[in-house]
Amino acid sequence: MAFAHLVYPGAVHTRLHHSLGAYHLMCNALNELDNKGIAVTPEEKIAAKAAILLHDAGHGPFSHALESILINDATHEDISILIMQRMNDELKGQLDMAIQIFTNRYHKQFLYQLISGQLDVDRMDYLTRDSFFTGVSEGVIGYDRIIKMLTVHEGQLMVEEKAIYSIEKFLVSRRLMYWQVYLHKTVLSAEMMLVNIVKRAKELLSAGVQVTSNSFVFDFFLEENHADHFSDHLDKFCLLDDFDVLSAIKNWMSHQDKILSVLCRLLVERRLLKVKLQAEPINEVLIQTLRDKICLHLGVTQKESSYFIFTGEAVNTTYDPSEERIRIILKNGSVKDISEVDNALIHHTLASPVKKNYICYLDTEAGI
Amino acid sequence: MAFAHLVYPGAVHTRLHHSLGAYHLMCNALNELDNKGIAVTPEEKIAAKAAILLHDAGHGPFSHALESILINDATHEDISILIMQRMNDELKGQLDMAIQIFTNRYHKQFLYQLISGQLDVDRMDYLTRDSFFTGVSEGVIGYDRIIKMLTVHEGQLMVEEKAIYSIEKFLVSRRLMYWQVYLHKTVLSAEMMLVNIVKRAKELLSAGVQVTSNSFVFDFFLEENHADHFSDHLDKFCLLDDFDVLSAIKNWMSHQDKILSVLCRLLVERRLLKVKLQAEPINEVLIQTLRDKICLHLGVTQKESSYFIFTGEAVNTTYDPSEERIRIILKNGSVKDISEVDNALIHHTLASPVKKNYICYLDTEAGI
Amino acid sequence: MAFAHLVYPGAVHTRLHHSLGAYHLMCNALNELDNKGIAVTPEEKIAAKAAILLHDAGHGPFSHALESILINDATHEDISILIMQRMNDELKGQLDMAIQIFTNRYHKQFLYQLISGQLDVDRMDYLTRDSFFTGVSEGVIGYDRIIKMLTVHEGQLMVEEKAIYSIEKFLVSRRLMYWQVYLHKTVLSAEMMLVNIVKRAKELLSAGVQVTSNSFVFDFFLEENHADHFSDHLDKFCLLDDFDVLSAIKNWMSHQDKILSVLCRLLVERRLLKVKLQAEPINEVLIQTLRDKICLHLGVTQKESSYFIFTGEAVNTTYDPSEERIRIILKNGSVKDISEVDNALIHHTLASPVKKNYICYLDTEAGI
Amino acid sequence: MAFAHLVYPGAVHTRLHHSLGAYHLMCNALNELDNKGIAVTPEEKIAAKAAILLHDAGHGPFSHALESILINDATHEDISILIMQRMNDELKGQLDMAIQIFTNRYHKQFLYQLISGQLDVDRMDYLTRDSFFTGVSEGVIGYDRIIKMLTVHEGQLMVEEKAIYSIEKFLVSRRLMYWQVYLHKTVLSAEMMLVNIVKRAKELLSAGVQVTSNSFVFDFFLEENHADHFSDHLDKFCLLDDFDVLSAIKNWMSHQDKILSVLCRLLVERRLLKVKLQAEPINEVLIQTLRDKICLHLGVTQKESSYFIFTGEAVNTTYDPSEERIRIILKNGSVKDISEVDNALIHHTLASPVKKNYICYLDTEAGI
């Protein structure tokens, strides 16, 4: 969960925990489908379980935050597939079916939907787990009940009508966890600072300034994106983890480049950039005033100041019927999208995404 | 929780647990207000705690279900007040302030609102507790966070803007618990059967048929409503509990009156009347068809059949701005109702109550 | 748990919970043995599960407390067997094997040992459950680990060497739960008062005094023991429960017999007899002094005073190697009793039972 | 918990969690003493809370494992005191009393005993926390009950007689956690491998071979012990953490020194040295046979092989009355050591430490 522990100190659970948890829920879901007479062969079960165990294997250090900046264009799903393929070679094809399911090329599409869909076991695990470890009890969902209500109709994963309140609750919890945890101001600030640190290191490197992380794998990815022949460098990528990044940041606290060293010191000493989130656009005059102060305070140029002041947009959608498909199978056998069911809390006025603008800036009056 | 344990076997928690829990939350809430500098004297604290400890003291056996039928017009709140007054006499006025708070005659109205309002500690405890003991995890609310966000503005209890998602979640959980637990079909059926049993016993008694429960206090309230001079009979009422009712029902399984004995046998042996809940009105022809079958099956008259077939309405409102007042105090100091806040899940289309019609009937084909 | 809720208000869990829990553990244990290659047929699994589900069916109201007084000599195990046999007749022999297992007449003895042995799932469930609902966290045991370590050797249930610390902990927890919960002074006092109430009611009845409970089944067992032809009265016994006893006690609060009415009032109003537990024998002079005070205070004879003052012995054994057999199978394949294993906490000096003497008496100075 | 997560994947809780937890228990304990009328001033409370919050501040990376090897002779308690003194200078003496308490120079000795004694809040927190995060439920202790039973008599912390079973359980749990978690074979092996890696790095450095970690602070402590003027280097020590060590180990996987690189690869790839624990001494012939195989397999000298094969002793004492003092205050006011109390589980035969011998070696047949 990257920097969520800065707000919720308990949130130190790991990707291993999540993978084991999602695997456990997959076992439960497959059992449930079995009990309902939906044909799943033993081989398909093993393949689906292998796929969910490995679904996040491609995450690099600090997951989403550094994904775009360390390896251009390669998503963690792409890398997960590369890793599965590498393992599949070693295992002489034993992961063939798992890879087909994971890439949605297997004919029983509901198996893919269990791994990556609106009601997949991935989300059910991470919402439950993140809620537990942060202590944000509003995020609790009835995953066991939802799993009990899963069914397959015309090859598609759907839920029985009785589950409608549990699904509503699931969507409301997800919405809440976004604002309360994943997009929390402090978490956002720390993540953006991390991104800026890596950006600056790369900028310096391309300008010929020496910046060694002292981790040979981190150096490797800082110097070049390696996106072109990424699969040649998979072993190195797999060795790279949070420890390399955090250790480098500590080293860079005394780097000669002021921008890099200040950002690193601020992050390590937990003196984070200030964040404001609001529905309205950020006032341009305010931005310029703050920027001028920062330039003066740190002795940096207007351009360089962008490492210490910047704006952006945080978006959260409760349920978007145009993209998402949570299908309810009614008692009479017909199928409806959850947004069309009578009395549903989740309806079209909630469907549009909620956007918030944010500004992140160094508070020059905070004695930094 | 009356008959909820028929569906959720874990739901055997008692009113004592709830009273202690609500008392605990009251302590937390008063501490929180203290920390925010809202003046509450030590005497007021004790009074508010005493009031919440006793707020449900007036509940009779099977709470709401038998309230209207055993003592006409007397609500459990009225009886709680009678009990407090009796205790106050014995305690020489030590409960004066507690009674003022409980009856909303104390000038610091927010103390009353903590006991009986939209965000009172009563609801926070029972939602949390019922969710825990039923295992319906969707009912989990962030009571500790809501309490941390409570404040008082112009004498009224309200919540800080940061709590808005927790409040949304609280309302969604309440809505869900109603449909999933309190208005569950099986629970509804068992409660209505209990009501009919007591109704029939009273009907027979007023027709001169001998019906003794063998509990002298239960007999006392079966024979007459005693609503007029209720306070004279408070001691007897306090002795009456679920045990007397359940023990009587077992005795009545072999009563000579067929209607009474059949109802008692069905309830004890857990062969409950069937329930259908639906948005549309119940079809009149269907009702008559079922009724005719029952008359034939049991050998009872059309009028008597009403003990075994009847219809009704179950109502649940997510949030009714016309009646409820959850006030949010915004960061800029202004106050809004939760239904007026931007991006809120709880808005006017959810404000209208959801009504469902139900029919309850003896399934003559189930081998009863 | 009879009156344990007087000390631990949370302890309102029921026999149904325990039966379902023990059934759940039986499923886990059988799965575990399966995984270890110990042959158990599907029929044997169903039989063992049925047997554990029904193992406590024969418990009457207030379990052990009233067992000896309501039906002479019939233990709840005997009655459980009668109930199983009755069900077996209705089910046309489907419970044959379950009954064989339950009565230790089935050739695979380890199935019986899972139901009734030193490490049976019955104990594992009740220790865990009672610890949870009382909040006595010292009673927590590692039931899942013990189950994972179960194995069968030469037809006998035993545990692997690795489980030795978990078993030690299990025995220590059991010891602790006895002193802290099951033999708690308040619990002991309330149970003895209940026994005396029933004893007095029976004494009065045999002297020709009218004593009707509010329940025809309770009356039936009060009037006569019915031990001789007990199976003829099984239906009545099954209808009898705690509600009948508690409702009767409330009625008897105003019985003309002073001893009966005083005992009932004291119990209902929770003014319990005082208890002292000590290693030394109770001083005879003290007993006589207290007895004289009680006779004077209540106006009863020395003989009658025995309802209000009496002594007894509470016994608790941590582990008795002469009776119990917890067998450990060592890594080298040999089998030892747990008391013989090196470094074990559980050794012969702990083997002798700990006896405590108690006196229970009406405290005449407490304003009763 | 160093490498405990290799066995118990949930065990990723941090020192921050433990410090906050111990602080929480300290608050509870001080409240409890307050309620019992034991004089503790507000200043003493703050001091005791500050002391417990900082009691583990001096732990370096991997706590106990690297303590002796990174900074000769300096224990983490010594370093905690240095940190407190440094903070005290900055805070202008506000930590004076906290330091007096922590170093047992404050006249109310029981405050020190709450931080570092047989029943201190440090142990109560870590046993509870480690039990929770490992899932070893046998480690659960009744910390809240023990705290409720704490009292002070003649200036010394002791427990009331009623707590005796809870204390027994506490000692048994501690014993169990040692064998099951802290001295678990896999944990032991990984820790010893870490120690050997750091030893080898230092050995190479002192022989003039270049070995740079990725961290300038780690390099600093690898090159020299800095024990003499340690307080001059406190800032650097505070920057050093697990991340530096783990990142260095990953770099050293490709170091030119075979011993260093093999050890690092084995640890990172989780192919740990094998461990045997036994009561008897390790057979010398066996050691030599294994050693010869390793020398042959890796091409190292007999002396060098000691990095891959070595023996040692693991010691665990349930309760040592000669060193420990858990004092029980009996109802009659007299004080006894827990080992002297009647019927106690904890008596002299348990007092002697349990020693186990272990051998740790590279299994040359495991394809490493």
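Letters A, B, C and D name the chains as they come in the text, with residue numbers starting at 1 for each one.
Assume contacts are C-beta pairs under 8 Å (C-beta built on N, C-alpha and C of every residue); 3 or more make two chains touch, one makes a residue touch a chain.
In this text the structure is predicted, and so the values were computed from the model without any measurement.
**Student:** Going by the stated contact rule, which chains contact subunit B and subunit C alike?
**Tutor:** Chains in contact with subunit B as well as subunit C: not a single one.
**Student:** By label order, what chains touch subunit A and subunit B together?
**Tutor:** For subunit A paired with subunit B, there are no chains in contact with each.
**Student:** What whole-number Å value describes the gap between the mean CA coordinates of subunit C and subunit D?
**Tutor:** The answer is 43 Å.
**Student:** In whole angstrom, how far does the Cα centroid of subunit B sit from the Cα centroid of subunit D?
**Tutor:** 53
**Student:** With chain centres defined as C-alpha means, what is the inter-centre distance between subunit A and subunit D in Å?
**Tutor:** About 35 Å separates the centre of subunit A from that of subunit D.
**Student:** Among all residues of subunit D, which ones touch two or more of the remaining chains?
**Tutor:** Expected reply: no residues.
**Student:** Can you work out from the touch definition every pair of chains that touches here?
**Tutor:** Every touching chain pair, ordered by label, is A-B, A-D, B-C, C-D.
**Student:** Would you tell me which residues of subunit A are touching subunit D in their complex?
**Tutor:** Per the touch definition, subunit A meets subunit D at residues 9-10, 12-14, 16-17, 20, 213-217, 239, 242-244, 246-248, 250-251, 254.
**Student:** Subunit B touches which residues of subunit A in the complex?
**Tutor:** Residue positions touching the partner: 136-138, 140-142, 144-145, 165-166, 168-169, 172-173, 175-176, 179-180, 279, 318, 342-343, 345, 347, 349-350, 354.
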